[in-house]
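Right after this note come the structures.
Both complexes below contain chain A, partnered by chain B and then by chain C.
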Partner chain A sequence: MQFKRFDQTKPFIVLAIVFAAWMFLPFAAKRLARHAFFEFQAPIDVSAATIRTFQDYWAMRTRNPNDLIEAGQEIARLNSFYENKIREAKTLEGEIARLEALLNLPVFNEYRHEAARVVRRDYNAWWQRITIRKGRNYGITVGSPVIFAGGVVGRVSEVGLYTSVVDLLSSPGVRLSAVIETDGKHRPVNFQGRSSSAFSNATGSLEFVPLDIFIASGEAPRVVTSGLGGVFPPGLSLGVIRKLEPDSDGLFQSAEVSLDSRLASLMEVTVLVPLAPKEPPKGGAR
Partner chain B sequence: MQPPDKTDPRSGTLVEAHKTYDKRIIIFYPAIGVLLLIVAIGFAYQQLFKANEYAESEKIQSLRRILTPGPRGNIYDREGRLLVGNLARYAVTINLDELRAEFRRAYLITRRNYREADDKNIPSSRQLWIIARYAVMQRYLDRINEITGRDETVNATRFQRHFNQQLLIPYTLIDDLTSGEYARLAEQLPVNSPLRLTASSIRYYPHGSAAAHVLGYIRSSDDLDAEGFPGENLTTFKMRGTTGRDGLELRFNEHLQGKPGYTIYRVDPAGYRIEPPLEHQRAVQGQSIVTSLDIDLQKVAEAQLGDIDNDGYRGAVVALDVLTGEVLALASNPGYNPNDFFPRLSQETVDKMNTQRAWFNLAIAGGYQPGSTFKIIDAIAGFRHNVLKPDTEYYCDGILRVGNRNFVCNNHSMRGEMSFRDAIAKSCNIFFYRESLVLGAQPIADEARRFGLDQRTGIELPSEGKGNIPDPIQRRARGLPWTGGDTVTLAIGQSEITVTPLEMAGFAASVARDETRTTPTILHDPNRTRQRTEPIGLTPEQRHALVDAMRETMKTGSGRMLTNPRFKALNLGYLDIAGKTGTAQREVWVDGKRGIINLAWFIGFAPAENPSIAIAVVLEGNIPGEELGGGAKAAPIAGYVLKKYFEKHPDQIPAQPEM
Partner chain C sequence: MISLHRQPLVVIVCGILLWTITAQINHYLAVWHLNLFTGGLMVAHAALRFRSRVIWRITLPLGLWLDAASAVPFGMHAALFLLAGVIIHRVRGRTPRVDTASGVIAAVSANAILFVVIAIAFAIRGPVQTGVLFTLLVNLALSSAFVALIAPWYIALQTRALELAGINAHMQLGLSAHD
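Up next, the complex of A and B:
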């Protein structure tokens, strides 16, 4: 009987021993264990994502050929449109470069754009993070900004060999320097993700909003990155201001920012991998 | 030796024999019972009667209260433009209670390093703690330096004092971050770092030195009013607030002062706070003030007074709304820039301000001889005592002997019979010498007092001065004689008589309304009603003669520079100004030598009919003997202020007669 009682409690005892061992394990060993766990877990996520892609592929195969032909034609139209846009962008880039040289403007940090597919989403009341299918193998580093068509996605918080974890903009752990588009003085404000309750839209908050910022009827001011923080380039959309409240100290306002709802269903993102900063041009323009 | 008798319990053996019951022990029971009762009563007493006292002691020992000052209210001009506000100052602070583990680790590492180095002079434990804490703080500061590109170091003395005295209050590492630095730190510091980005307020004067004497300045203060807040008996830490030291900041300090907030924390035995706070109330901004100043006029007045380091003059300009007495501009030169007070006033600036006496508000506290502007008082006194009539004439030959002294008139070149109109317009001394000798000094002094020239106006600004009106009664009461010379000197606003520029602006406004008193106010009230005081008491003819003479002053007399078409910068003939210039002399001592400097005056109002603005200007000559006339120097300054005023109020420009 006594033996049986001991046998029943054995798992708890083992668990306690494991906890005790973990507590006394050296920091380096703990770190190694954590990294190993991440690296072993990553292929599972990647496999799951691959299977999902495969499923999507076979789902497409079942579509009517006429639909596919229509889709192909639509893509051809879009391709043509985007080719034009690329040409325009190149012309503008050349113009910007010429003006920068002419005015001897400081050169912004430049980035390499690394498109990556989302393999996992932890998007709930506890976590706001995604895992993407590129890691150190593509030169991604911790802290790199991540963007998508709608603006900022977040920042890379962990990097594995083949995958990286990105803290979404809605995470309270993400803070960045922003400006309000309607503020002609471009005064920087503090953006920080905000814990949202379950099933609600992603939000963020702004601190230190100047008192002369208002929400005109029907025109919610857009919040974009300031470019002053040294991590994110300027002008990337963060969201729109939904609510402004004066702080009781009378100095500033606080704002609630509504984020892009597409953050919850991201498929592809782009990581901005910082390049080594260029030397500013010496001497004046010729 | 006999063996012990084992049957006898008291056999004398040293080995205690166990016995279940001993009757003798019974005598201890009551004693133990009494002792237990005493203990129980003691406990009950402590629990029932002293519980509150101990609870209070425990609270005092374990709770700390932090008081945070509320931002001060804003100050606006009459058109709602910000004159004084609060500007955000970004700072990076560090919560010391989040660093306990790091302090401990740094302490252990520091101690180990000393021991491994086999250092004979190993510091004491207390010193090791100080070194360790400093190292941790510097490490965090280095991280900030790395991001911002600064080269800051922790002030060890200041930090140690803060640690010992204000452990609960975050320690400020840098308090003057630029917006770029603040943005970089916001983006590059981890959110969960003990480093916090905060914003505090500093007083901000968007117009720099404009109206500095009116607005005043503030200084840091520990005097936070925590009346009515809970936890009065708790150990309290006060974050530094501010208090007004001059001008409106001082006069309305309680009104502007924000309401402090408080936070009560529980602390552990080492004094570190335990989050979250038990009670918290946020600070509230103070109330705002709307002044009657028009910052456009104020800036024009100050610009015209000039830079004292660059051919500008010491002096003052005061412009009043005639009907309400609201101060439209109140300038005193030299001034100072209140923004220089933040973060702290440099010694160089203090020395310069002391040398120039820039702290002094000449507009409300400067005592000046009014010179010929006082002839308006002579005229009113003469009219009221029937000594003077609109058609009165006195002979002027440029010199008048009174007693054994000659009194001259160099203000004009006309010789012969001088009319009242010309006497005012040309500022003839002889006319008013003669008039005063007929009238006597006492009625003139009484008339000046009737206009309040010997009293403070009661403006809502600190340190207001008042004028001095000498008269024969006062003089004789002091056992001194009053001579004819004293009378004629008083008549031209010289010698002992002094007035402040604000009093003279009020006097001009009173004359404009045909009344005797104007109470100036620096606060704006859009619903303020017209002031009504005792009428001057002139007949319509006398009133017309007086105003007409003052108009003539501006057309052909000593103030004609304002209306002269050749002086294109002003050319204010269309405004119909009534005014009077004056040039007084004051004795000064420069490098131990006696000298005379000129005081240039102008007082006036416009339009002459239905006036809306009254103005007084005074300038001090910079060097003895320097030529400085009221018509040439003071009147144009008034002209520029009037020009600006009527540019903003074109509806008040009198209609021009049709040709």
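Up next, the complex of A and C:
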């Protein structure tokens, strides 16, 4: 009778021993195992993304040639516009560098722009992340900021040989320093991602919002990166304030930030790979 | 003896195929912030049919595979899959386990329980924000419907794959009879 009872509980005892052994397993061994499994998944993700690209290609082949001609003309117009903007940006960059050297201001990190295609999106109640088709083979490092046409996407959290995982701005674990742009002034705040409800837009939250910030009708204040902390360059768009609520202490407010709706359907992003910092110019101000 | 090694390998490959399909569907569902979970389906069929050692050999790698693809502490899915496997293995003697219908019921039940346990584990770890409960309920309903829909196909796929690998249904159940 006792033997039968032991036989019934044996699998659970073995399971408890395995759990205990797992808890005492060195962190390095777990990390190695995780990386090994991650690298095995990379070819599957990349192959699936390649098949999707082919599907899109063949879907486009069915389009009317007139549509393609119109799209080509539109792209030519945009190219011309952006070429002009690039020239303007280069002139302004030169001017900023000259003023920074003149005033002996700290220089912000410089980045290499690495465009990458999204191979997998994984958004659930607890995390929102994407997998991109570039990894260590393109020099991507953990913590690199990721941006797109609408502003900040998030931060690289895991890097494999051929793929990387990016934690989205809306992921609850993502926190960064931001500023509210209002009346030409920059008010520093803390930004944190928050889980999005199904069928709704991605959101974030702000802490320590000053009491004199309010939402004027039809003009929601914009939230951008502050550049403090050294990860994200300053001035990148995060979203707009949608709701303000006073904190329980009455000294500050909390805000809900509406993020760009395109975050849910990302296909192409740009990773800002930090370059080695330059030596500051000797001799101080010129 | 050979089938003891071949059996887990075939089922693991089928599990990876299921994960790939689910990941592709989740890629498109991300637009609506929805997500499917099919972990229960990976465990249930194996736990209903095979002997305990084979169940361990299947659930541990599949759990670790899911762990590497998610933002969870490494080993969480593996531990839950092992626990689910052991529990289903203990209770399977009291329920019909060979027919597809019982496999579907076991898969949907195991999937829902695993989904709820993972949600509770996350809720304990950090503050739960407004709207999460609604998202969880929608995801649970969608996942259950999806598992119920594809479970017959997945069970048939595993059975056929095992047959192609030289392990017929009789041999599968024959192995479990020694348990």
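The working rule: the second predicted complex is superposed on the first by the 250 of 286 C-alpha atoms of A that agree within 3 Å, B and C clash if a C-alpha of one lies under 4 Å from a C-alpha of the other, contacts with A are read in each partner's own complex, and residues count from 1 in each chain.
FYI, a contact is a pair of C-beta atoms (placed from the backbone, for glycine too) under 8 Å apart; a residue touches a chain by one contact, two chains touch by 3 or more.
Not measured: the values here are computed from a predicted model.
In this overlay on chain A, chain B fits alongside chain C without clashing.
With both structures placed on the common chain, the touch criterion links A:251 to chain B but leaves chain C unconnected. When the two structures are aligned on the shared chain, A:19 is found in touch with chain C, with no touch to chain B.
Within the superposed three-chain model, A:101 lies out of touch with both chain B and chain C [touch as defined at top]. When both complexes are overlaid on chain A, the residue A:200 reaches chain C alone and has no touch with chain B. With both structures placed on the common chain, the touch criterion links A:172 to chain B and to chain C. In the superposed model, A:231 lies in contact with chain B only, and not with chain C. Contact with neither chain B nor chain C is seen for A:46 once the two complexes are overlaid on the shared chain. Between the Cα centres of chain B and chain C, as seen from that of chain A, there is an angle of 110°, stated in steps of 10.
Comparing chain B with chain C, the partner in contact with more residues of chain A is C. Look at A:190: by the touch rule set out above, it reaches chain B but stays clear of chain C. With the two structures overlaid on their shared chain A, chain B and chain C come no closer than 8 Å at the level of C-alpha atoms.
In the superposition on chain A, the residues of chain A touched by chain B in one structure and by chain C in the other are 172-173.
Chain contact summary for the complex, chain B toward chain A: residues 70-71, 86, 88, 147, 179-180, 182-184, 186-189, 191-192, 197, 199, 201, 258, 261, 282-285. Contacts from chain A toward chain B in the complex involve residues 172-177, 187-188, 190, 192, 208, 226, 228-232, 248-252. Per the touch definition, chain C reaches chain A in the complex via residues 16, 20, 23-24, 26-27, 29-35, 52, 64-65, 67-71, 74-75, 79, 82-83, 86, 89-90, 119, 122, 126, 129-132, 134-136, 138-139. The touching residues of chain A, counted against chain C in their complex, run 8, 11-12, 15, 18-19, 22, 30-31, 33-34, 37-38, 40-41, 44-45, 48, 120-129, 157, 167, 171-173, 194-200, 202, 264-265.
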